[in-house]
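What follows is a set of structures to go through.
Here chain A shows up in two complexes: once beside chain B, once beside chain C.
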Partner chain A sequence: MTSDVSRVSYRPKLALAAVAVVVLIILALLPRFVGLYQTQLLTYGLIAAIAALGFNLLLGYTGLLSFGHSAFFGIGAYSVAFLLRDAGIHSMELYILIGLPIAAVMSALFGYICVRHTRIFFGILTLALSQVLWTLAYKFFWVTGGSDGLRVARPTLLAGMFTFTGRDAFQRFIHGYYYYVLGVFAIVVVIMWVIVHSPFGKALQAIRDNETRAAFLGLRIHRFRWVAFLISGTITGLAGILWVPLNGLTTPEVLYWTFSGEIVFTAILGGFRTFTGPIVGGIVFTYLKTYAVATTEYWQLLLGVVLVAMVILLPTGIVGGLVALIRKFQPKDRPS
Partner chain B sequence: MSILVIQILNSLFYASVLFLIAAGLSLIFGVMRIVNMAHGSLYAIGAFVTAWMISRAIAYEVPVGLAFLLIPVGAAAVALVGAALEPTLLRPFYRRAEEYQLLVTFGLLLILEDAMRFVWGGLPLSADPIMDLFPIIRFGGLIYPGYNLVVIGVGVLAALALWLVIYRTRFGVMLRATSQDRRMASALGLNVGMVYVAAFAIGCFMAGLGGAIIVPTQAAVLGMGVDALVLSFVVVVIGGLGRLQGALVGALIVSFVRTAGIQFFPEIELAVLYLIAAIVLLVKPTGLFGSA
Partner chain C sequence: MILLQTVDLRKQFGETKACDNVNFTVNKGEFLSLVGSNGAGKTSLVNLISAHLKPDSGQILFEGTDISTMSVYERIKAGIARSFQIVNLFDAMTVFDNVALSVFSREGKTAHITAIADHDQDVRNETHEVLGQFGLRAMSGVLAGGLAQGERKLLDVAVAYALRPKLLFLDEPTSGVSTRDKAQIMDTVSSVVRAGAVTAVVIEHDMDVVFRYSDRIVMMHEGRLLADGTPDQIRANKDVANILLGVPLTA
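Entry: the complex of A and B
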């Protein structure tokens, strides 16, 4: 096997890393050229991208369509709100360090139940379980604030090095938080890239493509699906943790099943068959929804039409469509 | 004692509406193997169309007794919507992966929800004069609206009619044949496309009827369809997707649990329902009446 590995060319990987670095630099410089509002919007976009990246480990790489990922996003968001209110914690790092294990435990629990099924039953089971959380958040108002939700103040960043009070606090927070989220986003992208290209990721894809054959190869299907579910839920939970300080408020809406639908939409919009699809989808969806809400009362209609049109005309999503377009213009006899 | 009778009647009332929605969802899944996420919105359209027609009719001083007859008209309007949607929007997706089918109906849900907001505005629409048509019934110190008994009756009749159509008519045979093996049915000369349109329209008619008969007792509001969809998911999951008797038993279980829940454990009433659905899926994924 070692001889095979040594023959692998590292050029494509280097090119990819170079592109990633260029994109990262552009994203890092962007706040210098765009206004505060755009910076804030972009932060939302990056958070949506993290949620969709987590979600897509299940849909794109494991072949399981979850209609309950709002549960993990909401668990992340409510964990932060509880940590602030009941433990008086203000540090973003502590939110992440404590919130991530909570999201992981809940994902492990949900996953343990859900991965026994596939296809439509998996979707409905995830939906039913996420709805349990929604009703709890909605009905136990003395704990969760009910439909009013819970407010979350601006946390301190990097172990208290950056605090946001006094003059220009909002502006400084938006700028500082953008770079914070960008940093976390870069780490998540690297982690997810390594996961999907690892033997574990390849095993997931084998299970997705042919469950029976994968089982005959000796893969423990349930175990693999469970771990994929756990990682997927945890990453989406991380998005929820990052989202709530920016939004300043968490309500049961982020647990409702239509929010899960939005996460699914995001991944499809960008293209769930590609690694970068959910990232593009997260950013494009955030802009699409913001402008739809700002321009028309009937923004759901607009989103619905876009979704139906995407599924009919461009089922591989934005990235899938671009890849197909590039392939079309490439000379065919070129060695790949 | 009389409070118990009233609670049982309430459960039956609620079960009858839920059955109408869930039976349509189940029928569509049984024949077309598609989970229609827009089904709740079709129920809401039934409610809005009927409430709008009845309030118009009463404004034009049509007798309330005649306005009552507009309820089946409202359901038929939803069936028409369904008959238009199936061949245009859904048919291209039967050969595609399940994800796309779910997504296209989810997109349809978003479109229909806003279409309702566009047509009828954001305000609740009610048709309560119909309630006055029926006497109020007294049970030892308690009163109960007679209209609710009509709703229970409609639910029972709808269940009987659906059973007759599916198991005792020629069309039912065609429906079941298509459901079991679409290609074989097509090879034997059945017009599968027509069967699909008819099945989808019947499913929509049931959902529309559910919305139409509930609207005299409670106003049509935006978002009612989205809530109803998740509950009818619970019903079909408990009873078994694609099973008629499953939808009936599921609707009864959900309604009785819900009535008891509102009485005894109001905070977790809905959570208990979703947990029951999750447990049934775990223990018997095909539902209580399903077979693989």
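Entry: the complex of A and C
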């Protein structure tokens, strides 16, 4: 027999889905009202949001702070560059289909080494492994192009339905690519939302909050962490795959530890304890960095000040702060 | 019928013998209390049986199978669960989710990555049933970190019980709660485990609680088993009385 209280309520999820659809429609309409440059910036923002969503499965939901996620972003970016240069592939779908398994294999390998440790040891291991990749990309210049990096031409989209040559190629690419990235972003959001609300996602949160008790519920801690790492790295790799055709060039900088720091920054900025925090963080960080770079040559100092201010004044990030503000004005719900 | 048996189980921390050749048995279906002063080795024994600690030597037999080298995961799957002396919950999760996780784990569903946890009606029903048994159903939407100590103790037991173990170890389920709450907790725990035909081993300091609820009592002292018997036999045991009153055994 089932009582009313044990029945599933779909109402909150339908409301959430409605909000997501409205946001998606707004994002889809934006290029009609903003210029080409803003559309391009927003595309970078969505890609940063994908990277941060992947990263946050580890930080926000598993409690593991990776300082090496630039490795997976870079693996995605360099995979595309190699596929173009060495296999002559120009299809964005093939970049994703081939690049994703490469990112997944590397994530599985790195994860196998790292997830046996937690806290600072985990962070240092991820940092060290990403620095190994950076060194390889920097030193093996005959393969990677060294500090000059590798150029990536505009790919074809949707199995060659959209090509970008001839007149207005750049404008058409920026618009077309924005919608392409928006589509991938929407799919990633749905996938990540399902993952964090699945029994697997709940188990990750349990491991994050109380590893000992989680083990005594029969959860195999290392295995869960490893799968989380694998998904996290693969999604961040996908962001790298999407980023490089827009940027037109990949260099060892995307493998460097400071780029990992930027991914950490985006999650903290938006709020790593909320699902939407990294999305907001990714977009806000992209604009913040772009305008900081345009405003002052000391842009890193400016970003540093923002980060310090965020940690002190808004430790739960932009979304976390907004949620707290909304709750403050809501009537308190006390259990009877 | 013997459910669990330890054979010459030893664990030493430096010079301290936490378990000194302990031969401990638990019979199927009984409600057993493990008593003794602080440092007697009670929690160490439970930690060894539940794989929280590795023994220096000796064997642990569960349903006749040697589980000494099994991992925590394997022992839980074999049917051994436990709660903790210091309440060990997922404080940022709701009361419902704390128990639901046990149900998901027992049913092997924690690896499900493409299903929404809240939509699993079977797990919801069973979780609400367990919460109802422990009197926590009204609190199901409350964060575990916001519960009162007595409720936290009950939830701690409910989380372990939801694994539907054959053998359930409860490490001081009434410590740190008021006398009134103690009786309520033990009434609930005792009736739930007996109704579920779960064998229970309770570590407890309050001898009134021990005598009232136990089928059998085992006393530990300085890492060894000192006494083993029914509540009446233990009540009549002078060594037990001396230790409980702080009188040395040689006195």
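Everything below uses one rule, namely that the second predicted complex is superposed on the first by the 326 of 336 C-alpha atoms of A that agree within 3 Å, B and C clash if a C-alpha of one lies under 4 Å from a C-alpha of the other, contacts with A are read in each partner's own complex, and residues count from 1 in each chain.
In this text, a contact is a pair of C-beta atoms (placed from the backbone, for glycine too) under 8 Å apart; a residue touches a chain by one contact, two chains touch by 3 or more.
Since the model is a prediction, treat every value here as computed from it, not as a measurement.
Colleague: Please work out whether A:Asn210 is in contact with chain B alone, chain C alone, both, or neither, and reply first, second, both or neither.
Modeller: After superposition on chain A, A:Asn210 lies in contact with chain C alone.
Colleague: Check the residue A:Trp257 against both partner chains and state whether it touches chain B (first), chain C (second), both, or neither.
Modeller: first
Colleague: Taking the superposition on A as described, I'd like to know which of chain B and chain C A:Ala294 touches: first, second, both or neither.
Modeller: Touch status of A:Ala294: no partner.
Colleague: Determine, under the contact definition given at the top, whether A:Gly218 touches first (chain B), second (chain C), both, or neither.
Modeller: second
Colleague: Would you sort A:Ile195 into first (chain B), second (chain C), both or neither based on which partner it touches?
Modeller: second
Colleague: Which of the two partners, first being chain B and second being chain C, lies in contact with A:Ile26: first, second, both, or neither?
Modeller: neither
Colleague: Per the contact definition in the header, classify A:Val311: touching chain B only (first), chain C only (second), both, or neither.
Modeller: A:Val311 sits against chain B, while chain C stays out of touch.
Colleague: Which partner, chain B or chain C, touches the larger number of chain A residues?
Modeller: B
Colleague: May I ask you to decide whether A:Ile326 touches chain B, chain C, both, or neither, giving the answer as first, second, both or neither?
Modeller: neither
Colleague: List the residues on chain A that touch chain C in their complex, please.
Modeller: Contact set of chain A toward chain C: 2-3, 5-8, 194-195, 197-203, 205-206, 209-210, 212-220, 224, 227, 335-336.
Colleague: Using the touch rule from the top, collect the residues of chain C that touch chain A in their complex.
Modeller: Checking each residue of chain C against chain A gives 50, 52, 72-73, 76-77, 81-82, 84, 88-93, 97, 100-102, 104-106, 109-121, 124-125, 127-128, 137-142, 146, 159-160, 163.
Colleague: Under the stated contact criterion, what part of chain A meets chain B in this complex?
Modeller: Spelled out, the residues of chain A in touch with chain B are 59, 65, 67, 113, 116-117, 119-121, 123-125, 127-129, 131-132, 135-136, 139-140, 257-258, 261, 264-265, 268, 297-301, 303-308, 311-312, 315.
Colleague: Flag every residue of chain B that touches chain A in the complex, lowest number first.
Modeller: Where chain B meets chain A, its residues are 35, 89, 92-93, 96, 98-100, 102-104, 106-115, 117-118, 226, 230, 233-234, 237, 241, 266-271, 274-275, 277-278, 281-282, 285.
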